[in-house]
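After this come two complexes, each holding chain A, first together with chain B and then together with chain C.
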Partner chain A sequence: MTGYLAIVAARFRALLQYRAAALGGLFTQVFFGLVRIMILRAFYAASTTAPISLANVTGYVWLGQATLLLIPWREDADVAEQIRSGTVVYELTRPLDLWGLWFARAVAWRTAPVFLRMVPMFVIAMLVVPAGWGLAPPPSVAAFVLWSISFGCAVLLSAALTSLMSVALMWTITGDGLPMLVATCATMFGGLVIPLPLFPGWAQPVLYALPFAGMLDLPSRVFTGDISVAHAPWVIAHQLGWTLALALLGRWLTSRGVRRLVVQGG
Partner chain B sequence: MSDAFALYWRYVAISIRAQLAYRATFAMKTIGHLLVTAIEFFGIWALFARFGTLGGWTLREVALIYGTTDIAFALADATGRGFDKFGTILKAGDFDRMLLRPRSPILQLLGFELQLMRIGRLSQGVVVLVWASVAIAWTPATLALLVFSIAGTSCLFFGLVVLQATSAFWTIETLEVWNAFTYGGNYAAQYPMAIYRRWFRGFFTVIVPLALTSYYPARAILGRDPLGPIHVLGPAAGVAFLALSFGAFRLGIRRHASTGT
Partner chain C sequence: MQIVVEDLAKTFRVAERTPGLAGAVRGLVRRKHREVAALAGVSFSLAAGELVGYIGPNGAGKSTTIKILAGILVPDGGRVEVAGRVPWKERIEHVRRIGVVFGQRTQLWWDLPVVESLDMLRHIYKVPAAQFRTQRDELIELLDLGKLLATPVRQLSLGQRMRADLAASLVHAPAILFLDEPTIGLDAVSKLAVRGFVKKLNRERGVTVILTTHDMDDIEALCDRVIVIGDGTILSDGTLADLRNRVTRERWLTIDLGDSGEVSDPDATVIRRDGDRVCLAFDPEVVTPAELIRRVTSRHVVRDLFVEHPPIETVIARLYQHDRQR
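Right after this comes the complex of A and B.
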């Protein structure tokens, strides 16, 4: 266990170096957040029957911008290079499980940039933005606690998807294909293009059965109170269930991949 | 001058051949790019399915603005790769090599790469625009205005990428801040400017004149406004913006002092 924790800590420190990039990213995210809220406000102006309130959808946008980097955009570049060049065999000599190693890297990769961006984004969305345009605090302490747990689960879920992308490279070698597909699905079905509750009614059961809802959408709605405290345990069960399923799939594929791995050279 | 064009086409031909060397990768990237941009419009469709109207605008009207902006952005994105990657080129010292050659560095950056995979966004924009066009009573004047609007908006986006490159003379790294204006500008200009706040509209009219290049011409094409000088001359603001951007870039070159590798 300490081995995996050491990997998380080391990657975390490396990723926290890029402060200027984080600042530029923050500005861009605030800008996009404002545009998205202006667009949604214009749509809401014509309607009183939306399935999610304007205040909650505004909070949803800010939380989405704050935790945007949870979305598994692409596979771990270092792991991809190791698989391509064959140096992945060095990893096999370590007394660690290969999939566990990739998962630990992914956890750090997903959390460090998100934390860097989330803290200032919360300050801006809660204090700087004019009233009615910002992120309201959670309706209760219980909602906040449940959101924290749900956010942690979202990190694990995202890391499980990321390591699955890495595993897939053992078959496709230069695969841009699968990561691109996962990223597209995660953007669309994760609530980043438009909030999931605003999709047509018939699409809702499908959207909430997929794992992508567990990364941005469900935790955000627990935070704003759109999902009640009583219902929040189901959200966490959804996230953990998918994380477990993806982890089992990833481990199984890894063991199969290692078995058919052929290393060149002596 | 014709010599410069010949050279540019040689650059383009080489770039296309290089990209087509890996056909499967190229096809996958293009389709992926098409999917990514298609879901954007799907999102707009879903919002209209839910709410019916956007401040009095219909989906077809928004589709005209969306299509115009998207085609313009795809064109600028495909041709402006050299300026987009300028931070990397500068940091690696490759720009010094360009300066040594007896050709304009701007021409060399233009010919850096023609990104074929942007066909994905382009074709998606064309489909949306055609769908929007069916409901419009076209005249030669409005058709010409549409072409001018796409050209002007494209110049504007190109100008933004050139400014982004220019900033690298001072900061070495091109900063992610510029994404707010390029990608963010594209995102904002896909919707009618009327739905935004005053300060925001003002910014995109006076400083980055996207409203002039795409929104006002669209109003005239859709018959919301009678054709006036602001609609006809609006897209020229994009051309002026590009000219100013190149001017700034030349100033940057004069200031340039290599990274010394």
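Right after this comes the complex of A and C.
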């Protein structure tokens, strides 16, 4: 275990160096957060019934913006570079499971940029933005604790999908196809374009069965209280179930991939 | 025997397509593959504590062999045992006991200081803290890394990086070290540093080393035994002296002339003339060095002379040529 944790820690530290990117991302995400809320406010002003309250959907948008980079928008850049250049040979000379190693890398890759943006984003959304436009604190301590757990599970879920995409590189080398498909699905079905509760009723069971809901949507709704404390364990079960399924698939594919591995270059 | 390789074979499938647009379109529908045999029946064995040079032209199968021995690639045929284990079957247990350096690639974390990479490797290999400290301090001293520890790897020169990479491969004190072109691209001073370190490691700690290189000075400075591979098969395996004798008995007599006459002898050929310096190649079984020297000194004013073996590059180049002509 310590080996994997050491990899998470090392990559986390390496990624914290990208402060300028975080600052740039922060401004962009605050701006788009305000735009999304403006559009939603206009919709809510024209509508009488809504499946989620305006306050909760506003919080949903801010939490989505704050944890935006949890979206597995592509395979692990480091692993892709390693496979392209052949440095991947070193990964196989470590006494670690290859999938586990890539998963550990992905955990750090998904969390470090999110942490850099999340804290200032929370400050802005809670304190700077005018009343009614901001993020309200969770309704109870229990909701906050459950959100923390659910957020952790979202990291694992996103990392599992990221490493699955990385594993796919063993078959394609320059695999832009699968990541593009996953990124589109994750954005659309993850609630980043339209909050999932606002999709038509018939689509809800499908959307909430897919893994993408577990990354931004479900944790955010636990935070705002849109999902009750009593129902929150089901959210965590959904996230962990998908994480496990994707992890098993990833490990199986890795063991197949290693056998047919061709290392690029001399 | 610590390392046993028997009849090792590995074939790669290389995708091919006819050049141009038509070829690209055809490639979309039907791919043509060509089988390339990287290894076609390689056998050798190594005792613990040996330092072996593994050489051959580009594409001969050197790196493929190293990668199979390191547990990275799975061969198509043959048997391999390293310290009693089949590398690709028990990869995780196997790699705990080996160190690997690929000269063209770094195993250090690009964005982090060297010391953090070493520390991460300590956790990965589960080296006890006290043992790690002694080991690390020793490596730092031997490889002169003290001043580089806090520097991010991306800011190191190639020579510095290679020294740090060697340290990284030895954090867990492996009994076997695979070095794939460890001196590639290094300047003379860095090469000497790497050679000195590898020699010390082998002599003082008894670490078994397999080294691939294109630099024959590496071989001459380090290796008692040389395995030459070409087109996936072993061309020669033995000491440097054996290799020389197998390929050519030839020796070179270099003379600094005091006059400017033409040097010629029925039993020797002039292979080079550079001002007053003349180099003659001869076969010592046809004419002894003493006899040749007597003949030359009787006919010319000679300021200085020496007899040497042809450089190992020449020997190896001839071996490759023989192989091609076969």
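Before moving on, here are some points about what is shown:
As a convention for this text, the second predicted complex is superposed on the first by the 261 of 266 C-alpha atoms of A that agree within 3 Å, B and C clash if a C-alpha of one lies under 4 Å from a C-alpha of the other, contacts with A are read in each partner's own complex, and residues count from 1 in each chain.
What we mean here is this: contacts are C-beta pairs under 8 Å (C-beta built on N, C-alpha and C of every residue); 3 or more make two chains touch, one makes a residue touch a chain.
Since we're looking at a predicted model, the values are computed, not measured.
Residue contacts after overlaying the shared chain place A:G86 against chain C, while chain B stays out of touching range. In the superposed model, A:R13 makes contact with chain C only, not with chain B.
In the superposition on chain A, A:M188 contacts chain B only, with no contact to chain C. Of the two partner chains, chain B is the only one touched by A:F32; chain C is not. Once the two complexes are overlaid on the shared chain, A:A45 sits against chain B while remaining clear of chain C. Of the two partner chains, chain C is the only one touched by A:R94; chain B is not. Of the two partner chains, chain C is the only one touched by A:G3; chain B is not.
With both structures placed on the common chain, the touch criterion links A:P200 to chain B but leaves chain C unconnected. Against chain B, the residues of chain A that register as touching in their complex are 20-21, 24-25, 27-28, 31-32, 34-35, 38-39, 42-47, 50, 174, 176-177, 180-181, 184, 187-188, 193-194, 198-200. The touching residues of chain C, when paired with chain A in their complex, are 12, 58-59, 63, 67, 70-74, 91-93, 95-96, 98, 100, 102, 104-107, 109-112, 116-117, 119-120, 122-126. Considering their complex, residues 2-3, 5-7, 9-11, 13-14, 17, 85-87, 89-90, 92-97, 258-259, 261-263, 265-266 of chain A touch chain C.
Residues of chain B touching chain A in their complex: 25, 28-29, 32, 35-36, 39-40, 42-43, 46-47, 49-55, 173, 175-177, 179-180, 183-184, 187-188, 191, 195-197, 200.
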